[in-house]
Amino acid sequence: MKIILHYRFTLLVIATVLVLPLLVSSGTLATEVLIFALAALGCNLLLGYTGLMSFGQGIFLGVGSYATGLSLLHLHVSLLPSLLIAMLIGGLAALVVGWFSIRQRGTYFVMLTLAFAQMFYFLAYTLKDVTGGDNGLLNIPRPDLSLFGIVLLPTTTSWQYYSFVAVVFVLMFWVLQRIVDSVLGRTLLAISDNETRAAAVGYNITLFKLAAFVLSGAVTGLAGGLHAMMTGLAPLSNIEYHTSESILIMTVIGGTGSLYASVLGAAFYVLIGNWLSSLWPRWLMLLGLLLIAVSLYMHKGLYGVAQSLITRVKLFRRANKLDVAHHIDIKEIRKETPKETHS
Amino acid sequence: MNIYLLQIANGIGIGMLYFLLAVGLSIVFGLLRFVNFSHGAFYLIGAYFSYQLGVMGLGFWWSLLVAPVIVGVFAWVIERFVLRHIYALPHHFHILFTVGLALVLQEAVISYWGPLGANISPPDILQGVVMFGSFIFPKYRLFVIAVTAVMALLLWWVLEGTRLGAIVRAGSESTEMVSLLGLNIDRIFSLVFALGAITAGLAGALAGPIRGVDPFMGVEALGIAFVVVVIGGLGSFFGALAGGLLVGIVQSLMSTIWSEGAHLMIYVAMAAVMLLRPNGLFGRSS
Amino acid sequence: QADAIQFGCPVPMSGAFAANGKYADIGMKLVLQKYGKVLGKNLTYTTIDTEGKPATAVRKMQEAVEKGTHFFAGGILSSESLAMGKEAEKTKSVFITTAGADEITGSECNAATFRWSVPTFGAIAQTVRPLIEKLPKAKRWYTITPQYVFGEGLLSAAKDVFKEKGIEHVGNSYHSLAEKEFSGYLTNAMAAKPDVLLLLNFGSQASDTLRQAVSFGMKNNMTILMAWASGLEQFEALGADICDNVYFGAQYWHAIDSPFNKEFVSFVNSSLKIDPNYSLAGSYICTKIVLDAIVKANSIDPKAVIAAMEGVKYEGLTGTEEIRKGDHQVIKNYYLLKGKSKSKMRNKNDYADIVSFGKSFLPLDKTMCKIA
Amino acid sequence: MTAPILKAVNVTKRYGTFTAVNNITLDILPGTVHSVIGPNGAGKTTLFHALTGSTPITSGSILIEGEEIAHLPGFKRVRKGLARSFQVTSLFPNLTVRENLRLAAQGTRPTQAFNPWRRVESLTMACDIADDLLGKLNLHGVAQRLSAELSHGQQRRLEVGMAMAGQPKVIFLDEPTSGMGIDDIGEMKRLIHGLRDNYTVLLIEHNMDIVMDISDQITVMQQGQILAQGKPDEIRNDERVRRAYLGSMITGGRA
Amino acid sequence: MNTDFILKVENIHSFYGKSHILQGLSINIAAGEVVTLLGRNGAGKSTTLKSIVGVVRPQQGTVIFQGDNVAGLPAYKIASRGICLVPENRGIFKLLTVEENLTMAARRESAWGLADIYRIFPRLKERRKNGGGQLSGGEQQMLAIGRALMTHPKVMMLDEPVEGLAPVIVDEIVAQLKLIKATGMSIILVEQNLEVCTQLADRHYIIEQGRVVYAASNADFLADDNAKDRYLGVNLVA
């Protein structure tokens, strides 16, 4: 029981990955959900655990897909190395961006990451010999997962590729969950809480934030690499402002209270976006209204909503079961209920 | 005349419009302490309102005057009845809200006016060009420079020279303390937010005859405004002025020197400023 | 529903090219309605909002294929069309587009991809050449080019013509696809004192450039040619005053004097009360080409349909059109229009007269296309 | 005579044209409580900022056990054995009291804190320090509460605890009793007094009751400069100090 | 009797989230009177002041100011009626100059002008062009009091005005507060420093767990070592 509780989020993610195919009929769509969930995890690492709101996550997704694309096209590496390269390059880009922007705080930091996103976009646009410019990199192959020539997992069909991405995703989630629970994760939380104090007790806050940034860049780069293989291309639009914006929106819609929230946020955004866009060309208006609603009424994001629903169900069930202990129970449950934010 | 001088003069023309576009973002941003991602959308609806009023026969001058005011009233209502309730939240909610609002406005514009753009003609007396020797400048652009310069002076006086300006700056530090002094800070915030929207709306209305109107002009404008504010410094009036002019001139000069990179160079200029002065040209250290 | 023939219309319904998407969607709807049933099967279609992003386009196309759609007509932007062409080949579908990049039926061509629009070579040949003929004294030309394959394609084609005709190319300004402010480039152009200003950009960028050029008074001392106008909607957005006396290249114009176009325009007039623009017409004709091929092949197997499309000659919107087997390029006319003043317009949409037209295409061996 | 553990030589700090700390030279002897008193605005807090590295100094040199540290950023000085509390309470408000202390203890070994894999509980050293301090600070009962939820007095105690957790050689306390109730003050006084056994204490305090009782050495500052220096009795009887600062001494109750 | 009180707080209950801080607290103050609120840390003194001025909204009870119940009004409305709170943190605007801090608070009908403030706090005049963030603690407190006066309050509430200040400065501020008292201002003072309290106040309230547990005139309180001991832990008896 204790173990289950300990790994509850990882188990939840495994369940999600298994249930997703039942909910969506398209393997590509399901894969996209996981890929953006990965990107949102990277973003949440910054927003929820380090207190940094990055409007430049598209940079890392973009360079990740370029890195995978270029390494598959020109270096002819196999599946895993190409993804490793995406992580590396994503982390490297984050190092550069972080180096310049992390000294700034709050809103100014947001602006800087945003400006960097623009700058990387124009860089990618101008370096068309490398990136393919506006056309993007085309014809990116999708190798099977193989070891010494033996195919372990083919990736030809969309569902095969989904299973591969799912495995990678669960693994990454577990690693990230472990990281946020680690000493490093806690220190980051402390820094996001009070920088001055953190510096005064001996932490090099710039370095810690940079570490978080690089980690986030690597994770997002990996998402970019997976995305490039999924679509067979690394387009310029991956590095656009809009990509950064979407990743951020997914993260906030999900909520920042837990890593799992990002999975919810990404799934919701991708699926709803996909659904709405097929219904009404002006679907962005609905998205806009949704964002307004989240910012007004759902401050803990979907995760918060889910949490309070569960609490309510629990409360209801327990109240029915044990009439006598009713009073105590309510008190106990209150404690679990997320605190309302005062406005 | 020397082509570089021509480009600098042209850059000033572009830059003043950028200033007007960015200054509202900077004021709202510095004083209310949040990033208004719907600033570009205010620019957008400013342009469309002036277009619509023109179509309805109000004439250029009245449209130019009335459209920003409508935008201001709209912004005031939004602030007064909705936005106000989320000030206390972490700033990502402000961003989320204003991004949402921008999307709604943009899509509303498309729904009403269609996804195609339209043209706004300047009034007859502002049509044509002025010649300074071999130097040609459209009359309308000169007019824009004049209007933005007047706006600049007006804004500067309001912010630095009046008691209202002092209250506004005080409010950016602690709203609670301002209310403890018996001042209705909420009203002042609504006012500032509306003021920011008016400048954006005016910029949009002024830009219409130069760039026409199209539903995506807001997104582009927001990008420019951000760069200007980052270069100039958060919340700084003079920063917006310097940043706007710098961006305009760089852009203009680069179109002669290395036209492929003109857009990229705006960002390179921004990176250079950031390296030398991390808080922007006129920014206070945070 | 199971045995309906499913079409996909992958176009930007949101984002900066939503206008094109909107009309393309109408075009496909019209033609499917008109045909009703083919091979005894119902016709259905899904609009696929590409959002103007290649990755989204490809992802949604994959999804549509998984749901049994194999015929796609759409793609407004070069980047999304190239990407979707690739995907069509991978998923053994058919894709026909009206986008601009030469690669679509050039170096990146493939067996599943067709293109109705005339590539850059023809667009230049049918606009720059006739204009040089008309204005023998205009020897100095200045170009403004968006920096991506479509723009580069137009520019290099124009340079070839300049060289051949002994025209002095007095300068070129490149700009990015995100640019909205053109006064810097125009200042540069004015300083070069050209006789003709050749605009090689597209859509709202072309409109902005033209609008700003006119405000700089450039119409008075030079001729302006927009090599690839997007059609009627662009005239509507710009208004007659700006377009007056400016030359435009066009893939399609509702006043084209061909039997099928007349029939088409009156059909659109009666059913929608509008004149068709390029996006609507392009989507209509592209879908029609596929439908006719399905009938001809008497099969909905994409392979058979492709075979039926290859080499076919038909009465199209621009007269007799033909699909070249070697590169899947439709051989059709390209038009040079000249804008006219408001007072001369005979009806609301009579913005321009057709000055000349013709068919110009690179020979197959020069297109770099190798369809396996 | 023992060598000073901390030495400030000609330390000057200017804000623009305003000199907040003017050419201060100080010797702090190990194992003592050294108080810095002086009127408001004398530059005491600024001196602390300068010594602990919260703000860079304009000129001068700072030596800990003979080693120059003036050029080091604040977080590196922690590793040399400096720790501080703030005049305005500065905690990690959204973390528990115990976690506050644990993090502060961890700060001297920040490389360990970089470990992305280790669980917090496995860092026994820091946890032990934290648990030990909870007892010393009498915060056991609220160990699992968020520090934001504590009363002011508890927060002030925790604030001092944050400095202790780094097990520094020299501990800087900036008005640890500010805003505390009378009963809490007594407790705080005992706490600070007890620190002398393990640390060298540099104390800024306006409560003369405390200062006179527990200081070994007192430095009086005025307008950025040192006005007087000496043992409590000498300071109490120094006429200049009386005039400049102590006045009628109402702050310390009836001391 | 009732009409003599300029401010009457009756049975108010205030909360932070779910924690019930003020549990039926009642106090009152007559025109021109100085009363203190005493009590240990966390007793609810600051919360009382905040509840009066509306920063914290009392969920029950009334706050009668000059005959009207102001409980539930927004803070700025209560403040503009003439109740001014100088909070614990003083609330100096760092980005404004000293003078701007003062002038922004000015009311047209105020009896206190800039010159009056500079007369009682000459230090502020010296630093008038400085930013508020550059002042020392004592200077900030003077500015905060001066600024409060500029709003022309009828009741001034000071939350620990001499906290952390040097004795000479404390003397200075106490002296000025006596002057202000002499103008007929009503003052509610929260203070830990008994000496300051007994020098200034006419009456005292002791608050414990959000309730008034003791009330007495200054003279009675001075004589009552028992009460001091019991409620404040001053240990005078032992």
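For clarity, chains are labelled A, B, C, D and E in written order, and residue numbers in each chain start from 1.
Following the convention adopted for this analysis, contacts are C-beta pairs under 8 Å (C-beta built on N, C-alpha and C of every residue); 3 or more make two chains touch, one makes a residue touch a chain.
Source: prediction; values computed, not measured.
> Work out which chains are contact partners of both subunit B and subunit C.
Both subunit B and subunit C are touched by A, going by the contact rule given at the top.
> Which is the least count of steps on a path of touching chains running from subunit C to subunit E?
When the steps are counted carefully, the minimum from subunit C to subunit E is 2.
> As a test of understanding: of all chains, whose mean C-alpha position lies farthest from that of subunit E?
Farthest from subunit E by mean C-alpha position: C.
> Measuring centre to centre, with centres taken as mean CA positions, what chain is farthest from subunit D?
Comparing chain centres, C lies farthest from subunit D.
> How many angstrom between the C-alpha centroids of subunit D and subunit A?
The answer is 42 Å.
> Centre to centre, by mean C-alpha position, how many angstrom separate subunit A and subunit E?
Here the centre of subunit E sits 50 Å away from the centre of subunit A.
> Roughly how far is subunit C from subunit D, centre to centre by C-alpha average, rounded to an integer in Å?
Result: the chain centres lie 74 Å from each other.
> Averaging over Cα atoms per chain, report the distance between subunit D and subunit E in Å.
Centres of subunit D and subunit E (C-alpha means) sit 30 Å apart.
> What parts of subunit E, by residue number, touch at least two of the other chains?
Answer for subunit E, listing residues that touch two or more other chains: there are none.
> If I count partner chains per residue in subunit D, which residues reach a count of at least 2?
none
> Among the residues of subunit C, which ones contact at least 2 other chains?
14, 18, 21-22, 147, 176, 178
> Going by the contact rule at the top, pick out the subunit E residues touching subunit B in the complex.
Touching subunit B: residues 53, 55, 74-77, 79-81, 84-85, 87, 91, 93-96, 100-101, 103-107, 147-148, 151 of subunit E.
> Within their complex, state which residues of subunit E touch subunit D.
Residues 39-42, 88, 134-139, 160, 162-171, 174, 192-196, 199, 232-234.
> Quick check: in the complex, which residue numbers of subunit C touch subunit A?
Checking each residue of subunit C against subunit A gives 13-14, 18, 21-22, 25, 46-49, 51-56, 58-60, 62-63, 66-67, 78-79, 82-83, 86-87, 90, 101, 103, 108, 147-149, 176-178.
> Note which residues of subunit A are touching subunit D in the complex, please.
Residues of subunit A touching subunit D: 178-179, 181-187, 189-190, 193-194, 196-205, 208, 211, 215.
> In their complex, what parts of subunit B are in touch with subunit C?
Residues 3, 6-7, 10-11, 13-14, 107, 110, 114-119, 121-122, 127-129, 136, 138, 140-141, 209-212, 214-217, 220, 223, 251-256, 259-260, 262-264.
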